[in-house]
Amino acid sequence: MIRFEHVTKRYPDGTVAVDDLSLAVPRGGITVLVGPSGCGKTTTLRMVNRMVEPTEGRITIDDDDITARPAAELRRSIGYVIQHAGLFPHRTVLANVMTVPRLLGWDRPRARTAAMEAIEKVGLTADQARRYPAQLSGGQQQRVGVARALASGPDLVLMDEPFSAVDPLVRADLQQEVRRLQRDLGITVVLVTHDIDEALTLGDSVAVMRQGGHLAQFATPADLLAEPADDFVASFVGKDRGYRALGFADVRVTPRAERSVQVGEQVRAGSGWVLVTDGSGMPLGWVDGTGWGGPVREDRLHRLGAVASPDDSARALLDAALSSPSGRGVVVADGRVVGTVTTQDVLGGLDRRHSVGSVGKDAEHTVGSVGVVEESGRVEGDAP
Amino acid sequence: MIRFEHVTKRYPDGTVAVDDLSLAVPRGGITVLVGPSGCGKTTTLRMVNRMVEPTEGRITIDDDDITARPAAELRRSIGYVIQHAGLFPHRTVLANVMTVPRLLGWDRPRARTAAMEAIEKVGLTADQARRYPAQLSGGQQQRVGVARALASGPDLVLMDEPFSAVDPLVRADLQQEVRRLQRDLGITVVLVTHDIDEALTLGDSVAVMRQGGHLAQFATPADLLAEPADDFVASFVGKDRGYRALGFADVRVTPRAERSVQVGEQVRAGSGWVLVTDGSGMPLGWVDGTGWGGPVREDRLHRLGAVASPDDSARALLDAALSSPSGRGVVVADGRVVGTVTTQDVLGGLDRRHSVGSVGKDAEHTVGSVGVVEESGRVEGDAP
Amino acid sequence: GSGDDPLATDAGSPTEDGTATSGGTGEGEGGEVIVGSANFPENVLLAEIYAAALSDAGVEVTTRLNIGSREAYMAGLDDGSIDLIPEYTGGLATYLNPEITVTSSEEVLADAQENLPEGLQLLEISDAEDKDSLVVTQETADELGVASIADLEPHAGDLVLGGPPEFESRPNGVDGLQEVYGLEFAEFRSLAAGSNLTVQALRNGQVDVANIFSTDPAIEENSFVVLEDPESLFAAQNVVPLISSDVVNPAVEDALNAVSAALTTENLTAMMVEVVSEGQDPAAVARTFVDGI
Amino acid sequence: MNQTVLMTWEWLTDPANWQGRGGILAQSLEHLRLSFVALLVAALIAVPTGLWVGHTGRLRWAAVNLTGAVRAIPSLGVLFVAVLLLLPRLRGELAFELPALIVLVALAVPPILSGTYAGVDATDPAARDAARGVGMTGGQVLRQVEIPGALPLIMSGLRSAMLQIIGTATIAAIVGLGGLGRFLIDGQASRQYDQMAGGAIAVAALALLVDQALALLQRVVVSPGLSSAARVR
Amino acid sequence: MIGGVAWSTLGDLTLRHLYLAGLPLLIGLVLSVPLGWLAARVRWLGPPLIAGTGLMYTIPSLALFILLPLVLGTQVLSDVNVLVAMVIYTVALLTRSVADGFASVPAPVRQAATAMGYGELRRVGAVDLPLAIPVIAAGLRVAAVSNVSIVSIAALIGVSQLGQLFTDGFNRNAMGPILVGIVACVALAVALDALIVLVATLLTPWSRRRVPA
């Protein structure tokens, strides 16, 4: 959809922010540009809607050169979300969101309807629509920023560190929201972040950039973890690479049946760790029947540990096993225990295909869940 | 050392920032207060040096009520470090660091010597000592903040989100620095953060606080991961609890000997994954000898994956195995390969004691490496 | 005293100023004299002449010029801000005694002397005369056929009178015109920025009748017509030094009397032409005059 | 001094001083008329200039230094120069009024100008960036984002200009114009302190009144989203 | 001579002007610091204090010059009247600046100072005041320029300074002295302004070099 062809940006002061970048951003899905501070992510993103004009090279969207249209017109057709939202403080939330529709010349009722729809989509209420940005929390403001970018129904939305100013819990919320919106609306999102975790969580494909505006690697998250192109990417991707790669690996592990008791029932001493459920089969915790026996009481319960569902990734299943006091991770479907898995079960499930380390590679075809990744994997670029 | 006895802080506008807190912060080591935004961490910390006066209750340091001395005098005896360092922009680094010694009435040469020592301790140069704060990077400024808190040699240093404004790489550096200083000087550090990872990395003991100024749990990091006191703590500690708990578990796994080749040597087809080292035994990568054979060339190398050392935690060893393309994690001592471990080796090493899930519990006695944790575990507090 | 004032400079320089706070200058300073002036050029010139003469006589002098109206500088004389000022007999007499009825030079002088407040005295009067007058432009005079103030009676209701603000409330100002000549002007335009403004306003037609001094060179320059004053509303106005008794001593008295003896309406008018029409520095003009005494 | 206070009070409360052609009411109206004309002219000069400087960022240096220098020009001197130059050239009331207006406009331009460009400057850069990013043209950015954003500072520039105008409009009385300055000038000439003090109080009161009115106007024209009060959640 | 004004006269008048405008600036500054500090520090006192001092600025200068002798019991032509009036205007302008200056001190810096064991007053002197200098200096610049302009009005009451050239020139229908006076006033204001900038720069060495070496 968006194609950078040997694009270079040199600022008037001589800084080369982007250096001979060639990159094809696939249609649909979320493409993330990630890299350390100052590596040229923002510059790259802003060249797409001509907030920055390239010094050399060419950028096309759907094979049309972006310089073919007046910049303002191009920008109206592309959603744009930035850090701190950049809302107009003197306008109500509704008026903010109506901006682009109005610029496009829609009449007031139509713009209003579109805006209200967008506001609802991002999870804000009609009451909040009447407020001014200053009367909202940071996370809500960021939602308004997203709504403003979506109101006129663009195919393409650019986001520049949209979540970095909100606190971690809100951020996780917003990430999910953007993921959901992208799926529901079938739009293409290009997102800039310096947070590799965010990139791996959100991106269908991830472009890792390096100081000086070089593209270091363009790949799926699984590939980045499994096969970082060089030391820079490997260290940028960070520690726990192997463990995190499990997140992109799905294993078919059949949970073993697990005997369970209910509160009040007897546990015999020497029966080891016993799972406790309620009447409906919902897991409550474990009791340690190693050296103790008797009727199960609430205060005897140990915490469950993380709970996984049967089609969770290897990562979730492994963590369930690791965090369970019994060493057996509880697998739950529809709120009811379906069995437990051990670490061996999970890792064995992986081992059946080649080796653990190449999980990412093998899993490649199962990733990019939505949106066909037209040109993922390593593409023409300046990666070594 | 510091004891909160039923301390409550109600601000004039009625906000209850801290609610009936009872907590004994042990002497020595780093105690971390962690919790979501607005839960009262800062308020708790500031009551220690009387920047905030409690509404109810009593705080003692070494059994002396802190209200026994004039506030300014008390404060001079306690180091204090905050986000953005709060340096005096109008004073040079040296003058900044000399502040407390001068307030204590030390003469200029003595204050200067002490300040220069503190500046060196935090890794800054004499040249940097002459500059103004604005002429330093964010990370260096934060170091100055630490030096300023240490200059007069206090037993107790309070830190309020000291690293949250610096970028992740610098932050990791600073964390190590603080850890080292605390050990070298044998001081007590009380540190506030909202980042649970930081809390778990740095803390000898961690107090998790909850909205409304309640203490949710006070425990070692291993305990927090293994036995979160309630759902709030469990969700705050976050996902991958089981996996992260492995970070506090040390296993004795004997690496298996691993055959290795050097670049240029022959690999036979069908020999599976083969480790490649240089002449000195330093690991370079893996070659896939499953369906291929021939002389090993650089461009045939697959990346190593994470590398562990023999006395790393179970987490590091497991990750080495998981991230290795061969499924065998490379273990290196003094830069030379000593062998490899598989996931089974690591998890098996754990399994030998009870079960994986109780790692945290068993490991308790091996944690809190420095400073005797006088009263860790769940203490008198309002945790359920 | 002025000795502490870093900005007080020696006597003799023309426009320098004395100290801010010297209370009763005469006593403390052994004869320093502060010469004040009203805020019109002729008075400034006269003050400079007094200052030059005193300075020649070896008296220490400072000047405070452009103080304002008589009401203003009389307060200054009273509280010791100034010691000496060039006065006009008629104006002073009327100020001191609004009920005055006499108009001849001698009577006026006697009346003024009688009503002088304690501590002030008048030295010898000069022949130089400069009285208030009402003037109109030549065109107005021709059009209305007026030559005297009394002739204005039928036209006053259509005319705008201009002059300094104090003219409006003085007994021999607007009120006097009404009482003595029965003139009720359409408007009084209060022009506070000095006689030049009044002259300009008259010339330019913003006012029809103007109160200016009889020695003002502008009268001749613009061919203004000075209206006669048959009822002697404007009393005789001889220039006279009004001085605080504290600073009077033979040297001072001799110097000022010598000035009064030398001053005439003619040479005063001539000097005014130099100052106002030719734009010369009043201090320089004063110096030349005093040197010629 | 006590006596002056008493006399001033009497002067101020004497209905005779309020009515008629030269009364406080009439002079207040005249004062206001002159002041508003001056403010309007100054705003017509300064606001567009300030918007241009703020929007383009060009000639900022010149604007800063020029406004500083203009502030330093003494009003009395300008008044006299203007009178000397204009009185012979103009007829009627305008001959007095124009010099006074020149003084007042010169006085009012710097605060309005600097308020305006500072206001445009103070617009949240993120909002300005977003405005361009959603496809606004330069003019649309100015009209829809920068001007509304600058309004609080433009208004405070206007208010501080108006305070100075009203205070300084008193010197119009020196050249024979009406307004509350009459009480000061005439009072000074005849040493009527009650009238002077009364006039001064009237000027201060008028200034306050107008300032409050402008504050009210500010509340109406400035978006509630920009006032700090809105921040309370 | 320049424009019909003797150089010595111009010099004297300029010095007088400087004295009448500059001394009150210093006194006003000294008075505004505690007032501004109170306004910034005591929450309920801030708005009325700033509004109150600001109100004084609305009193016409001519009235103040003439009425002050009645209040102070000074001589009508005394410089004190002008000096006091100018102090009042200076305080009227500066109190807000000083309050803004104190408010501009970053809270973390102030808290760090307190946490380090500074007493309130000592902290104000050692930390708050130096950091408020840029904002206070900005206010002082406005006050200086405004003082120079207002002082010239005192020519109407016979207190001599550069404004005397205006009345003098006007009375004699001579443009020269007026223009000389205006230029001298502007020059004096610009010089005072530059002096304040210079002193402020000297007093804030930390704000000069920002670029890390």
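We just call them A, B, C, D and E in the order they show up, numbering each chain from 1.
Following the convention adopted for this analysis, a residue touches a chain if its C-beta (ideal position, glycine included) is under 8 Å from a C-beta of that chain, and two chains touch if they have at least 3 such contacts.
Since the structure is predicted, the reported quantities are computational estimates derived from the model, not experimental observations.
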Item to check | Length of the shortest touching-chain route, subunit B through to subunit D | outcome: 2
Checklist outcome for this item: Via touching chains, subunit A connects to subunit E in a minimum step count of 2
Checklist outcome for this item: Superposing the Cα trace of subunit A on that of its twin subunit B calls for a rotation in degrees, to the nearest 5, of 180
Item to check | Gap in Å, rounded to a whole number, between the CA centres of subunit C and subunit A | outcome: 92
Checklist entry - How big is the gap, in whole Å, between where the Cα atoms of subunit D centre and where those of subunit E centre? => result 21
Checklist outcome for this item: Distance in whole angstrom between the CA centres of subunit A and subunit D is 56
Checklist outcome for this item: Chain centres from averaged Cα atoms put subunit C and subunit D apart, in whole Å, by 38
Checklist entry - Residues of subunit C touching 2+ other chains? => result 68, 72, 75, 192-193, 197, 200
Checklist entry - Which subunit B residues reach two or more other chains? => result none
Item to check | Junction residues of subunit E, two or more chains touched | outcome: 155-157, 167, 170, 173
Next on the checklist: Show me, using the given definition of touch, all chain pairs that touch one another.
Outcome noted: A-B, A-D, B-E, C-D, C-E, D-E
Checklist outcome for this item: Per the touch rule, the subunit E residues reaching subunit C in their complex are 1, 4-6, 8-9, 12-13, 15-16, 19, 69, 74-80, 83, 155-160, 164, 167-168, 170-174, 176
Item to check | Touching residues on subunit B, where the partner in the complex is subunit E | outcome: 46, 49, 51, 72-76, 78, 80, 82-92, 99-100, 103-104, 131-137, 145, 148, 158
Next on the checklist: List the residues on subunit A that touch subunit B in their complex, please.
Outcome noted: 37, 167-169, 225-228, 234, 239-243, 245-246, 273, 302-303, 305-306, 315, 318-327, 329, 343-344, 347, 351, 355-358
Next on the checklist: If we count contacts the way the header does, which residues on subunit E are in touch with subunit D in the complex?
Outcome noted: 55, 57-64, 66-67, 70-71, 73, 141-142, 145-146, 148-149, 152-153, 155-157, 162-163, 165-167, 169-170, 173, 175, 178-179, 181-182, 185-186, 189-190, 193
Checklist entry - Which residues, counting only subunit C, touch subunit E once they are in their complex? => result 6-7, 9, 13-17, 19-21, 23, 36, 39-41, 44, 64-68, 72-73, 75-76, 79-82, 192-197, 200, 275-276, 279-281, 283
